[in-house]
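Look at the two complexes coming up: chain A is in both, with chain B in one and chain C in the other.
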Partner chain A sequence: MSKYCFTLLVVFPCMLSQAAETLDYAVQVNSPDNNPVQDVVVYLTPIGHQLPHINQTAVTIGQRDKAFVPYISVAQRGSKVDFNNDDNITHHIYSAVGENKFSFQIKAGEQHSKSDFNHSGVVPMGCNIHDWMGAYLLLVDTPLFNKTDSQGRANFEQVSAGDYQLTVWHPELKTADKQISQTISIHQTGTHALNLPHALEAEFEQQNPDDFDFLSDY
Partner chain B sequence: MPTKGLLRGAIALLAVTLQQASMATEFTANGILDLRASQVNSTDSYLKGGFGKFAYSNGSHLSIAQAGLDLGAHWDNGFAAKLVLNGWLDNEDSALGFSEAFASYKGLPSENGLRWSSRLGIMYPSISLENTATAWATPYTLNASSLNTWVGEEIRTTGIEAKLERIGKFSGSSHNLSLSAMLFVNNDPAGALLAWHGWTSSSRQTLYGETRSFPELKQPALSDQSQRSNPFKEIDYRPGYHTNLDWSIHRTALFRLGYYDNMAKPYLIDDGDYAWRTQFAHLGGKWRFAKQWQLVWQYMNGSTLMQSPDRVDAVNMDFANGFVLLSRSFNKKHRVSVRAEAFRNTDLDNTPLDNNNERGKGFTCAYQYRVNKNWFLAGEYQWLSSQRPQRVLHGLDENSNEQLFQLAARYFFSAL
Partner chain C sequence: MKSIKTKILLLFVSLLLLLQAISFWSTYDSLRTKERIAIDSQLSKAKALFDSEFNRREFYLTSFAETVTNDYGLKSVFGEDQRSVAIALLNHGKRINADLAMVVTPSGMIELQLVNSYQNNQNKKVVRGAQQGQAFGFMPALKQSQLPPYYVIGEQLYQLHLSPLKSGPAIIGWAGFGYEISTPLAESFLTLTGLQADLILEQQNHWSLLGSSNPLAHIASAKALINPTSSDVISLKQQYSAAGGANFYVLLHSSRDNLVAVIQQSWLQILLITILTLIISMVAAYLIADDITRPIKLLVKQAKRLAAGEYQKPVSVNDKTELGQLASEFNSMQEKVLNREQAIKHRLQHDPLTELPNRHWLASKLQDLTEQNSAPFALFHLNICRLKEVNDTLGHTAGDQLIKEAGKRLTALQSEHFLCHIGADEFVLVLPNITRDTARDELNNIAMQMHEGCNYQDMHLQLQIRVGVALYPEHSQDPQILVQKADAALNHCRESRSHCYIYDPSTDTNTVERLSLINDLKKAIQSNQLILHYQPKFSFAANKITHVEALVRWQHPELGMIPPDSFIEIAEHTGQINPLTRWVFLEALSQSLAWKVQGIDINIAINISGENLKDESFYSFICQNIESKQLRAESFTLEVTESALVDDPETAIALLARFKERGFKLSIDDYGTGYSSLAQLKRLPVHELKIDKSFVQKLAIDADDAIIVKSTIELAHNMGLSVVAEGIEDLASLRWLEKANCNLAQGYFISRPKPANELYQLLAQESIEFAN
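Up next is the complex of A and B:
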């Protein structure tokens, strides 16, 4: 018993001191012509060290005006994902590709939660009723992930110093695996800037091109 | 025999469908009410056996130009059932009944973007690119083109259809392909009305089991034909087929190519209705060449044949029809559409007193105002000029120039 207490007394302050050695870091993503690019996924995978926490922030993917909102989501695998149907019609949401295949119907105004996205990777989603709907969920294996803001910045707080694999992903990035990757060392607060090798291709437009509300399946 | 096979298939699918009924079922109801005021310069409407090309005879009319209700039941496993009720209330030929009733199945796409779906029952084959709204109404104009008015009048298939789609986005492509094939029965007299009253333009569809009159036949040898044609009848117990290919480019264009053949044995007659061997190829497209602009076009070319019991041609006719429609939407509030069309029937037989030649062209100009989400006000002008020698035998002029002015209040709804 006393030995256990001793361990707690010694180890716990060590963990705290380790946690204190964290710093804020940002990644700036620009297009080849140096304009900031929004909604690009950026994540940091530790190399040669382990991160002390997991990021299980729940993600919400809405269906609004027969479109997925947002178009791109990112989460750590195993996180809870809430699907919210804000439309007044039923959607049939599915993913038919990869290791996180799923399919369910969601009625008007209802919510469907899933916590079994256990594999990292890309989950392309669609609606089997409205084929023009499409969105992506990227599941990563690290708690350090974010999407770039309107300034092209992805901010990371309390990053442990060390080496990281920096990955930038976007479904319309025309590189192998739709991503670029590089190794960086983080030892002080700062910003790492990078330029995408190509401009992003036009985003998949989630809109029924027929602008009439009462169409039937003919 | 094929009818029996189809029937057995229908019962099996119905049984599966009913079995699913114990699962969560979702019901949907969509509807349209079209209140119409029409002013026509014409003769007697084709709906009451005249040669007039519109659904109204010469004069002024108030009518319910369509009251349609589309009822659906959907299950989580991809099965669905649909019943479309339609009604018309006017001075010509009012009717109330159903126009479509079928069960369907839609699978999930596979990993490479292939998806199977199927329909079984009474349905429209995929031909019209105009009649895409609730209960087969058209969102662009009040009256459909003459091409699709004929599809609504005589083409309805009771059958089983299988469709394979390739969804392009799975492979990063914006091209989608869809190939369907259908075997059907109960459409053997199709072609009779096209031969005997020619092309027409309206918002009327023939209900299942409904019969339609046509101008009195002057050839005594055709006296076995009853005075009203029933297009949805099986006469030779041999199924026909329809096959269709759709190629669409995400948000920009659609191209459709199909072939219909009812495979009817043209020398058979059943209880006042001849079997007409009707076959045609149809192609069409939709092109959104700029934001809010749409170009819709269709073309059809085919033939119909009806013979005496000793297999001498009574009616042997080629037909062709095409239209181009240009539609501009103004932020969903206003819509302006113009349509030009032309048609031709060529009578190839030597039957006297039954000249089914026809040539014609038409122009439609339509405006729609969206009052709120559900209500639309519309105004439409239509001109149809045709030449039909058979009219002379009925004391009419061979040539006719018909005009139609219409105002409509259309109410669309969708409810769970």
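Up next is the complex of A and C:
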């Protein structure tokens, strides 16, 4: 869509490396005013070819100080997700929307693992006890996914050369489906830089709006 | 007429009205203010009330929606089991009696819309809303939590709040509840504020009535209240925007009547009090004005009485104020006026010298007496004789003394009488019950009383009184005429030099005709009503007519021929004798000239009055005219009576001497009737004596008269005077006079007085023979 106009800058460091089977690739995400944006999910979906491996790295979503940590997680569907309750209170974690609905209680200090997130899509999670808690788990269909680091970079290793759908997702991104996508061709090591069309909205504050100090005793 | 009372009343009433108006105005103003404050306060309370009502409902809806959307049970079935969600929402909705429950999906579809429907039988029934399955039109506002609290479905308006349904941080939909804004709300406003409430919806200029506290209200009547034209309705309009550009109006209104009903009650009171005080004050003002003017009215009444000459009643004003003082001053004024009037009245009716009642008193006294038609009475008109002499010789003090003395003595008369002092030396004595017979006795009494002399500064003076008497009712029944008669009687006394005379009509010359003649005489002289007749005088010596006497005749246009005796006297008394004599003289001159032309030389005798002799220019007038006509004085004889010389003999004699010197013949007329003495006769510069006809008329039969005439002729002749006898009426007398050597004869026997033209023959005769 033409209104999502952004500068796409592809750098080819060496034309000779085209022959390599796998290569490292990076995507640099900047805000419209060219500042690096952290914790943005970036994933690459292959177009016209199959990826040989599955990234089944387990994801840990902790509950600490009555908040989900981290706020945004990303995993390939079917991966194991560990919920670690580091708090000294019980949480009732749920997601009430989509195909990956779930709900369970997790007592203080306990861990709950789930491996049944079989559908790709966004899983917004909350705690039925503590309304202010909230987090996102994005389930993707590709092993090539990452979150940007503090420099706004998402690094991908051993990427097979080919065409990819590059998707950038963030719950506070003000676009349809909270994401932007573009097709890129990866044939050599390089960094794909892109600027978000909008600044991110304020991140969801997992904070009790009220004075809840007395609850620290729980 | 504006009386003081009316003025005071007007002043009072207008002041009171002014005060009333001011007080009324201030009350009115304060009431208006009160009313405005009351209305303002009522409206502002109402506004606060419905603001709070809406806020409360909104808060209620918001809280409840949030509570509901946080319910995990709902979340867990949301998006999967629409039926369960519907039941859950319905359940929740019932708790707060909501009229609407709604769910919107993140994609902007109205997934669920449940509304209460009141069907014919008034049973509430939940039905699917009209918008279910349609797109929700206000997604951006909803996402930003800026959805207006008013939401339109068809022609229904709801107060609605949608809360986000979340899965953690993500919004998975919106759910909420709403209350319908309709009649029950309006009714609750009416209950709470006492104001009627109309709820109106406007969508793209389409108006509809959502509800009203008034069951009869309709959209037109409600709409009219949005911009009220009548001040009778107090309304408060509150406008709200509903989602989608619709407007929603809350109209709280009340007709002023109801609102100010209480105040109007006090209005009525005020009006009543105002009218009452006005009436009371007017009555009070009337009483006060009356109180002030009553003494004034009394004084006015009294002043009118005073003006009418009623002095007896004093004014009584029980008032210590200035008016009371005025009243007492009024009384003292009245007293003084009375005194003064009595003094004036006394002065008017009394003579200042003798303090006896005067002519005025007499007039009223006589009026009384005659009106009573009582017994006969006598009116004595008294006159002191020769008072003029006393005044001239001894001074007026002496005269006054004499008058006073006379008054005293008359007062002291024994008989019953009223005495008046009517003029200088004249008194009137009214004696009741006196008749002609007893009058004489009374006259004697008066004479007795006056007899004694009186002393003035050691001089002895004799009081002599002349009395003229008139009798009531014999001489007249009219008091005024009675006095005239007495006066005439007194005049007769004077003329006849007697002391008393009782009125006799035959001697009275003062008649009414006489009075009118006085005026006519003047005209007569000017307009030639007078003519001269001539009576011939026969000369014994010449045996023919040698003399004539010019006698004036008055041919009065109405009364006919008037005898000279009547008007000559009038002429003498009214100062007309001078012009009369001059006219006679001039006429005689003309006649003399005419005769001269005819060849008749005759002497004309003209009667001269005493008054003529007092006229200084008379002599020169006669002489000038004689000369201008070139006539001789010898042709004229001036006949003078003895009485003509009485007043001022010296001057008269001197004048007569001048006429004699000038050549006129002078004759003593009516000789023998006057009082002239022989000594005086001797002094008179006359040529002849004319013996009075009273002696001549009966000469032939009266021996005494014959003796008088004979001796008079002799006396005259001896004194060198010729003699004329007049009144000859028969031949015997003529023969007798011829024998007695009388010179001239005059009388009817010879000729009556005739106009000149009738006499020509007689006068021209050279010789006359008389026969019987």
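What we mean here is this: the second predicted complex is superposed on the first by the 192 of 218 C-alpha atoms of A that agree within 3 Å, B and C clash if a C-alpha of one lies under 4 Å from a C-alpha of the other, contacts with A are read in each partner's own complex, and residues count from 1 in each chain.
Simple rule for what comes next: a residue touches a chain if its C-beta (ideal position, glycine included) is under 8 Å from a C-beta of that chain, and two chains touch if they have at least 3 such contacts.
As the structure is a prediction and not an experimental result, all values here were calculated from the model.
Peer 1: Clash or fit: how do chain B and chain C relate after the overlay on chain A?
Peer 2: clash
Peer 1: After the superposition on A, what does A:Q207 contact: first (chain B), second (chain C), both or neither?
Peer 2: first
Peer 1: Output check: A:M125 vs chain B and chain C. Expected answer is one of first, second, both, neither. What do you get?
Peer 2: In the superposition, A:M125 touches chain C alone.
Peer 1: One more residue to check, A:V97. First (chain B), second (chain C), both or neither?
Peer 2: both
Peer 1: Hey, is it chain B or chain C that touches more of chain A?
Peer 2: Tallying touched residues of chain A, the top partner is B.
Peer 1: Contacts for A:Y136 in the overlay, against chain B (first) and chain C (second): which applies, first, second, both or neither?
Peer 2: second
Peer 1: Pick one for A:A108: touches chain B only (first), chain C only (second), both, or neither.
Peer 2: The answer is first: A:A108 touches chain B but not chain C.
Peer 1: Have a look at 112-120, 166-174 or 490-498 and say which bit of chain C overlaps chain B after the superposition.
Peer 2: 166-174
Peer 1: List the residues of chain A that touch chain B in one complex and chain C in the other.
Peer 2: Touching chain B in the first complex and chain C in the second, residues 94, 96-97, 103, 124, 126, 128, 131, 134, 204 of chain A appear in both lists.
Peer 1: Using the touch rule from the top, collect the residues of chain A that touch chain B in their complex.
Peer 2: 88-90, 94, 96-97, 103-105, 107-108, 124, 126, 128, 131-132, 134, 204-205, 207, 209-216, 218
Peer 1: Mind pulling up the chain B residues that touch chain A in the complex?
Peer 2: Going by the criterion above, the answer is residues 26, 30, 32, 70, 74, 76, 78, 106, 108-111, 113, 115, 124, 126, 128, 131-136, 139, 167, 169-170, 176, 250-252, 288, 292, 329, 332, 373, 412-414, 416.
Peer 1: Can you list the residues on chain A that touch chain C in the complex?
Peer 2: Going by the criterion above, the answer is residues 94-97, 101, 103, 122, 124-128, 131, 133-136, 171, 204.
Peer 1: Touching residues of chain C toward chain A in the complex: what are they?
Peer 2: Its residues touching chain A are 70, 72, 75-76, 78-79, 166-170, 172.
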